[in-house]
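Submitted below is the structure of interest, expressed as structure tokens.
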Amino acid sequence: MSEHAEHGDSHYVKIWAYLLVLLAISFVGPMLEIQWVTLITAFGIAVVKAYMVAVNFMHINLTPRFVIYTVTTTLVFMLLFFAGAAPDVMKSSGTNWVKPAWIEAERAYEAGEVGGGAHGADHGEGHGEAAGH
Amino acid sequence: MSARPIATTRSAAGIPTQRLAVWWIIASEIVIFGGVLGSYIMHRLAHGIWADYAANTNPWIGLTNTFILLTSSLFAVLAHQAAERGDGKRAANLLYLTCLGGAMFLCVKGYEWSYEISHGMTITANTFWSFYYTAAGIHALHVIAGCIIMLFVAETAKKNLELHRVEIIGIYWHFVDVVWIFLFPLLYIAK
Amino acid sequence: MAESIPVGHADEHADHDHHEMTFSEKYIFPLDHKMIAMQYMFTGMFMALIGGFFSYAFRMQLAFPGMNVPGWGVVSPNDYNALVTNHGTIMIFWVAMPVLIAAFGNYLIPLMIGADDMVFPKINRLSYQIFLLSAIVILAAFFVEGGAFGGAWTAYPPLSTKAEYSLTGLGSTFWITAVFLEFVAFLLGGINFITTAMNARAPGMKMWDIPMVVWMIVIASILFMLSVGPLLAGGIMMIFDQQLGTAFFDPDRGGDPILWQHLFWFFGHPEVYVVLLPAIGITADVMCVFSRKKLFGYKTVLYTAIGTGVLSFTVWAHHQFVAGIDPRMANVFTVTTLLISVPIAEMLFVYIATLYGGSITLSTPMLWAMAFIFEFLIGGVTGIFLGASGNDIYMHDTYFVLAHFHYTFYPIAIIGTYAGFTFWFPKMFGKMMNDTLGKLHFWLTIIPFNMIFLPLFVLGAAGQHRRIYDFTNYPELAMPWQQDLRVLATVSLCVMLGAQLIFFYNAITSWISGPPAGKNPWNSNTLEWTAASPPPHGNWPEGLPTCYRGPYEYSHPEREEDFWPQNEPA
Amino acid sequence: MILDYLLPASASTYANDIDVLFDVITVLVGIPFLVACYLFFAFLVRFKAKDGEKAMYITGTEHKYMKWIHRAHIPILTFDLVIVVMAVNVWYDVKQNLPEQESAVRVIAQQWAWTFVHAGADNTLGTADDITKVNELHVSKDTLYHFKLESLDVLHNFSVPVFRLKQDAIPGRVITGWFEPTVAGEFDVQCAEICGIGHGLMPARIHIKSKGDYAAWVEKESALALASASAPLPSSGSIEIAAR
């Protein structure tokens, strides 16, 4: 149990400080209003933070290998699930099928017919009008 | 009832049984959150309008909560260190601080949600808000569960008993923290 | 983590205080893994009787439409849907899982790895209590307004999410709640099985010395834990859709019904292997004992099991070929699906090869094990028809599918269970079962079973669809020969259900007045046979065994006896 | 050929491909199945326990035994490959590929009835002379149809056994498919996805007519449709989408 007793408390405070810096960066990143910067600062940094917590706080690097393998496997399976489901759920049309409501909603959004208000018009309503004509 | 089985004291895989168990719990939790967040990301990418909905979330509150959780994680790991040194008192006190962090997190969340709900952003407003409340809600349940278990652990730790439990609950708490680290950009700052 | 104890604490220090346990400590809220196993076993058997009764009710309706079924009454369309739905749900989640994984897992893992109990007895007890609660909830659905849920065990939305469609508002919520609780119970149980088998092994027991059934139950638990998450998430979404009016699966309000199908089948396909693997493991142990042979290629079986498990995560959409998924995806999933036939075939080859050169005694457990291999072979090859996307366009949702998965699930859940139960009965109850009655019960179960489902293959190929409560509405399905086959299937079902009385009679009478079984009636190697039968609390009060060799050292050339117990020093 | 014995007809251009695929799979899985069964029962009989005879000690790592397991995979993999190729071909032909249409029909599923909107005399959907029939699908022989499949409430499945055709109807989606009848007659249309209490009670019929009869039928019905100027059906916006 004492295989990671060598760290002093100061080490963890240091890690915590790093995490806060990263947090600040990921917070200001989107303010530049640049898509790719936002993606990197938001999610790239999230991954880094998660890694730091896993290694320094959860000591995953000190657990047996198979634990790391198991955790990685779960993540891989989630990617697999995403890859399998996205072609149907994420797309609004595909080979020989369409989701009229979604397409209509997107069109309405692009055309600015529906604002992104808090509880703005939902796809259903957006399509409801469309169905009329 | 009888004493603990000898089985509990064995460690053929070279890792304490309790730590092994908590890692398996985390593995099964990852796929639960993976299911919710995966579905959320699919919809988010599918609907441009969701960016506008997301703009209504308050990043400052997200920031505060992330800060609170990160800090409570620090307390959790310091408690673990104290437990390593056999200082049960200090470990217990740090665990109480961690719980306090969890409680503050929940209070902030309660304030945030009551504000949003009172402004019509309810769970039924549209699918974005459904995912918003579902994902954050499941996470909040884990926070509550973590706090409750932590109080029990602290009780025993105060008497310098079962000190290894401090590490176990700590690992779980860090996992809850990691989940929030991903929820924060997904729900608040990705516009 | 409730009961933990400073690690590195050596065996001899942890001693049991031997005060007499009260009745409730012993039987109602036990911590002993054997008693919890019995609780799972009997709950599972009780649910099996209910599921069997459901099948009797709707088979009667199919054979004799509109008849007043004795014991149920006239089966209305609503009843019919509720019956088939709950038959499927109960048989998979409340019979196969508790009996094969929880009951055998709880009973065998500590005994076979030479431990005195599971590592988390209290979590073990909690998992059974949650499971019991879930069983009560699923049955309670029959007594609420609108009756039980009738949207098939896959519960595809919007039928399952909107009361105005399913007309069983509360029933569907009860259904998803029960399933949710059941999964939680098995997550807790699974953690227990995995950690126990990994950490609590007897001194000297290396990875390759673990009996196959333990390995299989552990792999199954891992598969379950890694696949059930999305469905738990989906379950929460479904409950919200039903009760809060969210729109996760409501296409008119921005949701997507297909999402549920993916969440469900991403779990649903691995689930097949979750229940298959323990049965495979039971078969391996029984087969080796009664052919006095070492398992042919221990590691081969293990690797094929793991390979099948991993592959099973990549094939789920073959349940959805014509369910509206993008046609291009179907090609990918056809390839992965047919790939699974390779490890499964390897496994079956290895089992058949194990028989080669053996000295085979066809006792009752062996008969069940052999029946498992044969019937599962049929189930396996008929799967190819459905995995081939082009053919599935026609076969999807016909009785061919139904017959196919009954040829897999029946060997798993019923035949596998009987193989294990008859094999470990002497250990569980300390008495021998009557072999003649056992064989009679075997033949009266196996022959009718094939008589039920072989006709259904034909009917399915003839275009008969599932979940239709009266085929005489369809001119092409109302032909006399088809109705005759339906009657044949129903009659066989009644014979098979009746035959189970023999089993219960045999089990009870043997339990009361059977000849006492010694420690090791089958001359078996594995550690559980070195404990007294039935094993006392703590399994080996005289001291836990040590392991010296693999579990399948039968007919070793250097030995007089044809078996070599694992705990026997060289 | 097997399915021909069981079904009234194989009435679409691709029905026969699926029948052939079924037969091929039957043969290709039948052979390994029979071999396995033979070995299985042969071993059970041959190696019955005889007193004084000890079983062999085979670990399963010896090459001379293992090679038989490995060799067995060669036919299995070959058969798998053949099945995959044939299956994907049929699948592509039926589901992915969309030949040029000669006529079109809208299939609208709901609890618990089928509504079929036939293109009228002008042979285009969405016009006033569309012929709307409930639980009756009228098609003409040797004409390539596109069907636009919609659902108004829950999942249904448009299944025509004689066509060997099956496709789920998903609310919120419009799924396009095709068929070309080759045999005149009247056959079942079933719902093959549980859709609630009435699932067993939504049998429709498909009437396949010769080109002449069909033309006459269309003429008569279209006139009626125009006369009654039937109100447009509740649509899921499919017309607008189809138009794009």
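Order of writing sets the chain letters: A, B, C and D. Residues in each chain are counted from 1.
Convention: a residue touches a chain if its C-beta (ideal position, glycine included) is under 8 Å from a C-beta of that chain, and two chains touch if they have at least 3 such contacts.
Since the model is a prediction, treat every value here as computed from it, not as a measurement.
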{"item": "Central chain (distance from its CA mean to the mean of all protein CA atoms)", "value": "C"}
{"item": "Centroid distance [mean C-alpha coordinates] between subunit D and subunit A, Å", "value": "39"}
{"item": "Interchain centroid distance [CA atoms averaged], subunit B/subunit C, Å", "value": "34"}
{"item": "Separation of subunit A from subunit B, taking each centre as the mean of its C-alpha atoms, in whole Å", "value": "17"}
{"item": "Shared interface positions of subunit C, touching two or more other chains", "value": "7-8, 226-227, 230, 247, 251-254, 256, 258-259, 263, 324, 327-328"}
{"item": "Subunit A residues counted as touching two or more neighbouring chains", "value": "1, 74, 77, 81, 85, 89, 91, 95-97, 99, 101-102, 105, 122-123, 127"}
{"item": "Multi-chain contact sites of subunit D, meaning residues that touch two or more partners", "value": "95-96, 172-173, 175"}
{"item": "In contact (per the touch rule at the top): chain pairs", "value": "A-B, A-C, A-D, B-C, C-D"}
{"item": "Subunit A residues touching subunit B - in the complex, by the definition given at the top", "value": "1-2, 4-5, 7, 9, 12-13, 15-16, 19-20, 23, 26-27, 29-30, 38-39, 42-43, 45-46, 49-50, 53-54, 56-59, 63-64, 66-67, 70-71, 74-75, 77-78, 81-82, 85-86, 89-92, 102, 105-106, 109-110, 114-120, 122-123"}
{"item": "Interface residues, subunit D side, partner subunit C - complex", "value": "2-3, 6-8, 17-18, 21-22, 25-26, 28-30, 32-33, 36-37, 39-40, 43-44, 47-50, 53-61, 65-66, 68-69, 72-73, 76-77, 80, 83-84, 86-92, 94-96, 111, 153-155, 157, 159, 161, 164-173, 175, 187-188, 190-201, 203"}
{"item": "Subunit D-facing residues of subunit A, complex", "value": "95-104, 127, 130-131, 133"}
{"item": "Complex contacts: residues of subunit B adjacent to subunit A", "value": "13-16, 19-20, 23-24, 26-27, 30-31, 34-35, 38-39, 41-43, 45-49, 51-53, 55-56, 59, 63, 66-67, 70-71, 73-74, 76-78, 81, 84-85, 116, 119-122, 125-127, 129, 164, 167, 170-171, 174-175, 177-178, 181-182, 184-185, 189-191"}
{"item": "Subunit D contact footprint on subunit C (complex, rising order)", "value": "77-78, 80-81, 150-152, 156, 158-159, 162, 165-167, 251-252, 256-258, 291-298, 300, 322-324, 327-328, 330-331, 334-335, 338-339, 341-342, 345-346, 348-350, 352-362, 370, 373-374, 377-378, 381-382, 384-385, 388-391, 393-394, 396-398, 458, 461-463, 465-470, 473-477, 554-557, 562"}
